[in-house]
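After this come two complexes, each holding chain A, first together with chain B and then together with chain C.
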Partner chain A sequence: MANTTAMCTSFKKELLNGSHALGTQATNSVRTVTTKDTFNGALYLVTATINSTTEVYSATGELAATGNYTAKGALLTNATVPSTTGTTAFWTPSASLVWTNLTSSGAFDAVLIINNKSTSGGAELAVSVNTFGSQSITAGTLTLTMPTNDATTGLIRLA
Partner chain B sequence: MVTMITTTHGDMDEALLEKKTGEVNNDQEYTTWVEYWLKGELVHRSAHIALKKGIEIFGEVANLGA
Partner chain C sequence: MAIAFIQSKQNTASTTSVAITFTSNNTAGNLLVVGVEANSTSSVITVSDTLGNTYSSAIGPTQINGGGNQWIQIFYVPNCLGGANTVTASNSSATYMNIVGAEYSVVKTASPLDGAGASAAGNNATPASGTFTVTVDDLIVGFALLSNMVAGSGFTSRGTDTYSMLEDKITSSTSANATFTADSGNWAAQGVAFLPIVDVTVSLTGVLATASVGTIGIAIALALSGVSGTVSAGNITASGGVTQGRADLYLGHKTVVTDNLVTLG
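On to the complex of A and B.
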């Protein structure tokens, strides 16, 4: 059992289906996405198994909703629309995720990005999994800073 | 000036606590953490995880009539 950095395979299919709006669409006489979706970052214990096969949010393996952590994590700030450089499109949340006065229910090593506005079976669709070294927080602050938003390091990149 | 630290026992003067710090720096992240201990008990731990790189997928288009 382990968490693995990956773009969720179901997310790739859902992109083709138009299930995710990471930004808003320009005026389009046929179809216009005027409201972009909102996304959360949820933290998972080192004992969890989230990876490319994760399709939707599940509380299984997530930090317990104690110690100032709430189920489904925290809302991502999404103020920067998807962009392109060369042949690569990219998107990155525009601010860090921050939990203050947090006591984690255990060691964690992954954040699952989920779409709050697009669901399957009532559960939020999964976007991606990013892992990092195991951490735990005790009466402290966790700051999770996103990578630089460009074509080589952005959180989500389509080349 | 007194620096107060949030701990499992409430806010405490930093001078009363033992401070430990560390970092992880690799291709995926630059992480720093700080711990405060009181008489062998961990009473505060914070971490700052900076992701260095997201995830890339490659789009492909098949050749027609190949």
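On to the complex of A and C.
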């Protein structure tokens, strides 16, 4: 079992279905204005298995909801609208994900981005899995810094 | 961030208890360390405070060399409560007590002790806890009993009645020894280590999906009249035996043009 960095395959389909609004969409001839969705980042233990096949949020393998960590993680700051450069569209949360005074229930190495407003069977739709080196923390501050929001490093990119 | 000393206070009393009141309010989440000396036939020392913190023994009690009626012990509270605070140490048989309390920030709020520390007793002018294993950036706290105490090299005194002293330092080594200098005589010394809070910063890497657009297929099938068999073009097949030709223009899988076009005699 392992976690693997990937854009969730279901997310791609859901983009075609209009299930996700990463930014606010202006009114056009077909649709009325769409308020952007809110997204969370949830932390997963190294023993979990989340990857491109992950379709929705699941508590299985997530850090235990103790202390300053709550189920489904923390809210992403989304003040940056999706943009394009050349032929690539991209989107990145506008601030780091931060947990203070966090004690992890085990080693963790992945964050699952989920859509709080778009669900399937009551579970939040998965966007992406972003992995990093195994970490453990005791009563410390965990900061997940976002990549630069551009066409080559943005958190979510479509080329 | 490194562990930081916030404040300390010291007091003595010739009775069974002694108290200090921190000059400034304690900050919730900090570490409180209390060193206590008791001149007593009893080794049992207890510590409490007005905030309601629960004190644990970090090490000791340790008896002065030679079996005299003098004891030292270090207590601690991780993740302390915040507010004005008076700390009291008691020993039911004490005739003299010294207390030194210190507050530190950026110390682990759960299980902050790094190992068991060390303690020793001896007779000379250089009290020392003895060597114990620690972690780089640990807070090393020493407490010792002798007369005219001076903090050891690299250590800072946080309070003394000249007979017992609490000292500390942040270590850059994986080995520690709480050392002092003093008048020559019987002594007892202790050393313990506390772990700092270690923050974690991780840089996320984005994910890329490559989008592609499908190719629209165009196929024209032409069947000739009077010809038996099958004529194919692209993925379109017209079966034979027909008397009339037909051409179909397909875009993908959808027929967009169907018409009779050719008739051959």
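One rule holds in what follows: the second predicted complex is superposed on the first by the 158 of 159 C-alpha atoms of A that agree within 3 Å, B and C clash if a C-alpha of one lies under 4 Å from a C-alpha of the other, contacts with A are read in each partner's own complex, and residues count from 1 in each chain.
Here is the rule we use: a residue touches a chain if its C-beta (ideal position, glycine included) is under 8 Å from a C-beta of that chain, and two chains touch if they have at least 3 such contacts.
Everything quoted here is computed from the prediction, not taken from an experiment.
On the superposed chain A, the two partners chain B and chain C do not both fit; they clash. By the touch criterion defined above, A:Ala74 lies against neither chain B nor chain C after alignment on the C-alpha atoms of chain A. In the superposed model, A:Ala42 lies in contact with neither chain B nor chain C. When the two complexes are overlaid on their common chain A, residue A:Val56 makes contact with neither chain B nor chain C.
Contacts of chain A with chain B, set against its contacts with chain C after fitting on chain A, overlap at residues 5-7, 12, 90, 92, 101, 103, 128, 130, 132-133, 135, 137-147, 153-159. Within the complex formed with chain B, the residues of chain A that make contact are 5-7, 12, 88, 90, 92, 101, 103, 128, 130-133, 135-147, 152-159. Those residues of chain C that touch chain A in the shared complex are 29, 79, 108-111, 197-211.
Across the complex, chain B meets chain A through its residues 6-8, 24, 28-29, 31, 33-35, 42-59. Interface residues of chain A facing chain C in the complex, by the touch rule stated above, are 5-7, 12, 90, 92, 101, 103, 111, 128-130, 132-133, 135, 137-147, 153-159.
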